[in-house]
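Following this line, the structures themselves.
Both of the next two complexes hold chain A, though its partner changes from chain B to chain C.
This part shows the complex of A and B:
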């Protein structure tokens, strides 16, 4: 008893020193300080910014040109259509490629090469792609569609192969055990497992792409972004204000619908236990 | 084992929901394709024609990658990304806390904050830049402000989603030992999300670096202004040089960022 009460006072272990964290934070502080000092901004202008923005909003919303509304909604619809077709084009390339990038389906060298392709495609922003595509395909939505399509292959492919690498290996072993060919293995062992999540990510990418496609018009690639470029040129603040509202409302509406569909796809149908039980009893001959 | 023949259960019929969704998707796709005027033949025809952009690829101006003006524009892009990310990240943590149930017990302010963030998130980076250029004039300042709002939207959304799924145990423990709300957040909530939050900040930095390269197209500073300049002159060789340089910068930064993020999480 006495030996317990005489135990030494609680000694906390000394805090571990994490060199990695220290190095990263030092580099960050230096980078931040250098940026703040040497960037070409008069910081006093920052204080005037709220007043400037207030004046801009007054110019935008004091006299809203409602007769432009139907034209702007039409342009926003163009942007949505561009985003959807672009996303589908990206999926057509990304899905087969992502099978080639998953280490549990193909060898490591093939997976590595495919991943580098994804990285290259991911690095360039859509707007720059659109800038390069406009002289090729003209000032049309097609340039925007292709910019979004090419720009999304990389990120969709990356998301897809991560999903594929996380699948259950059981069904793959089962298909191998019954002598399935490589294609049959893919069809029955892999695709049923990944289809819901792939669809969900496709819709998620569509939501991101709407944001991209609504600005591509700045470089002449179609959609509502062209209004922005014109506004800067002709100082039509009223139209810009209305276009901004159309973009926000359109994006939120599509987000909401697509989000609801995504949720339903991933959560799946709720199964009635009683109904499922019936099938278990039905297969009595099996057991 | 017995003689009874194997009886498979009937294939479940697809739910009316799935049928409706499939039909809806097909119709939506067809309508969209018509809207954008999609055609394979037109696509192939366009690709077959000789065009200045592809020709520019043959005469890439390597000198433009390191010229004095381009280097300064690249540095400005980097500076805008660093400052915009830092400012955005600084306000994001409290806003994310206030917009979730753990950090903010009041329902109405929470909903208001989430709706506000949804609106901010619906505006693309380039549109923010355009707005601020109209408001405060051209230069790096509108670019910085645009990246600030864009970062805020991204980081708040990701962090709030993480906050919704944290372990409630430490929170109960903090409350049981009589911690105030702030103390509870400090000791039970923030340590749980800090690795994820730092990782989101780095991810956002990658996004911002990519975004800040195009902000210049609407006059908001950085390398985009040079891109716009060469585009208007039709100098595709120099433009390709800049695009390649930009590509290298992004790849290097992303490589570093992925390394750091892996150590953090």
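This part shows the complex of A and C:
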């Protein structure tokens, strides 16, 4: 310590004033204040919230109507099925379109036009699509399936073309060098490289769509959301509470299964070292 | 036969990689092209199958007038010319067999290639190609699970599956260690001799070039500075090609010893 204090002090450069940080902080605070005034939030209500929540919770779970369970599970299954069909419909359109949006496969103008299609589709929320489809197809799962299908094309397409643009160009050069046509180049130079990631993102989108599909019932597009909306409106809190449990458990279960499959797709088959050694010994014994 | 006639290649930005090249390569020759990086070796090789277009001049490959081919003609030419790459250019995520079957894409009906149902004869051709480079037992392994030398042998098999008249190899051993390099060079030489395939190889190791080439072509700044049998290439020749005396970096044996 003494030797350090004895040595001549060093001069730190002067600390720069971080104007950017100050501006950003100010903007955040001002926007918050402005927003709070505009929407007229009654902050005092926050204090009563715990009591309200307790009352709601009691109404929901003091007397659970278990006889409704099988019907609710059936409706949840409808929601999951709607999400699955919708996701596959979206994939059928998104995969070919994403090839047309990848700059490394088509020229820049075509890619640009296709991307604008994705952007427009992505800008419309599924609920809005469902509101448009309900008058066309009636209060039925058909409206929900189409809303999910059309709504997912944009986001799937965007993810897909980004995956395609990141592939290794070497195999594409090789397919050109064997005299392959454009379709053959796509089939053997591009698709084998992107298939695992594409499938993985498809499943991920399915997980997101299960949530969307549960919500779509609220506007009458089929599935469990309808029950949730109706029972809350008519104050049948018991059924609403059970429906909530079914939604949460159902979503977690499907998420877990889908996540495990995704992990397996991306990581590829893993070989346990012990298993592999046993295999070596076994074949050695056979020969 | 391959014939360059006053051929020029100038890239965007003005880099001239081929200058007034006149060159004739006969059927069945085993030619090694040497030169520093940037001398135009890759350009020469890629011009032959039309991956790099000539800026001016003529190029005839087995009767194909390369500069004036349309897209269909270019695919036809490429189907007769096998290509082997420095980085192997295999699709790592699919099987060795699928990679080799790519060599059959031009011969098999489009719909079959799209659903991946290749005819039995074509699968046989691919299998024979794999057998020739002694890697048939790995046919159903994913390409990513092979070593570098094995991957390059798959690259050779893919070219062979085209039943080509010409094989182009662009720095085929640059990513491999010396013993593996010799294995790959021996396969190329053997295939050229057994099947009478015209083979053109880019190399930057001179001892490999003199060991395997029937004929050496030296390039410097896009110009032909040497053309003769491997036995004629001496110290002075390489000084012309490299613009300086040889160092340990230029021969694989000495570099390996370092």
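Criterion: the second predicted complex is superposed on the first by the 243 of 287 C-alpha atoms of A that agree within 3 Å, B and C clash if a C-alpha of one lies under 4 Å from a C-alpha of the other, contacts with A are read in each partner's own complex, and residues count from 1 in each chain.
We take it that contacts are C-beta pairs under 8 Å (C-beta built on N, C-alpha and C of every residue); 3 or more make two chains touch, one makes a residue touch a chain.
The shown structure was predicted, so the numbers you read here are calculated from the model rather than taken from an experiment.
Considered on the superposed chain A, chain B and chain C are sterically incompatible, since they clash. When the two structures are aligned on the shared chain, A:267 is found in touch with neither chain B nor chain C. Put simply, more of the residues of chain A are touched by B, taking chain B and chain C as the two choices.
Of the two partner chains placed by the overlay, neither chain B nor chain C lies in contact with A:47.
Within the superposed three-chain model, A:225 lies in touch with chain B and out of touch with chain C [touch as defined at top]. Once the two complexes are laid over each other on the shared chain, residue contacts for A:247 go to chain B alone; chain C is not touched.
For the contact definition in use here, the chain B contact set and the chain C contact set of chain A share no residue. For chain A in complex with chain C, the touching residues are 170-171, 173-181, 183-184, 187-189, 192-193, 195-196.
Put simply, chain A touches chain B in their complex at residues 20, 24, 31-32, 34-36, 38-42, 45-46, 48-49, 52-53, 55-56, 77-78, 80-82, 84-85, 88, 119-120, 123-125, 127-128, 131-133, 135-138, 140-142, 144-146, 211-212, 214-215, 218-219, 222, 225, 228-229, 231-232, 237, 240, 244, 247-248, 251-252, 255, 261, 264, 269, 279, 282-286.
Against chain A, in their complex, chain B makes its touches with residues 2, 4-9, 15, 17, 21, 28-29, 31-33, 35-38, 42-43, 46-47, 49, 51-54, 75-76, 78-80, 82-83, 86, 118-119, 122-127, 130-137, 139-141, 144-145, 210-211, 213-214, 217-219, 221, 227, 231, 236, 239, 243, 246-247, 250-251, 254, 260, 263.
The touching residues of chain C, counted against chain A in their complex, run 49, 51, 74-83, 85, 87-94, 98, 102-103, 105-106, 110, 113-114, 116, 158, 162.
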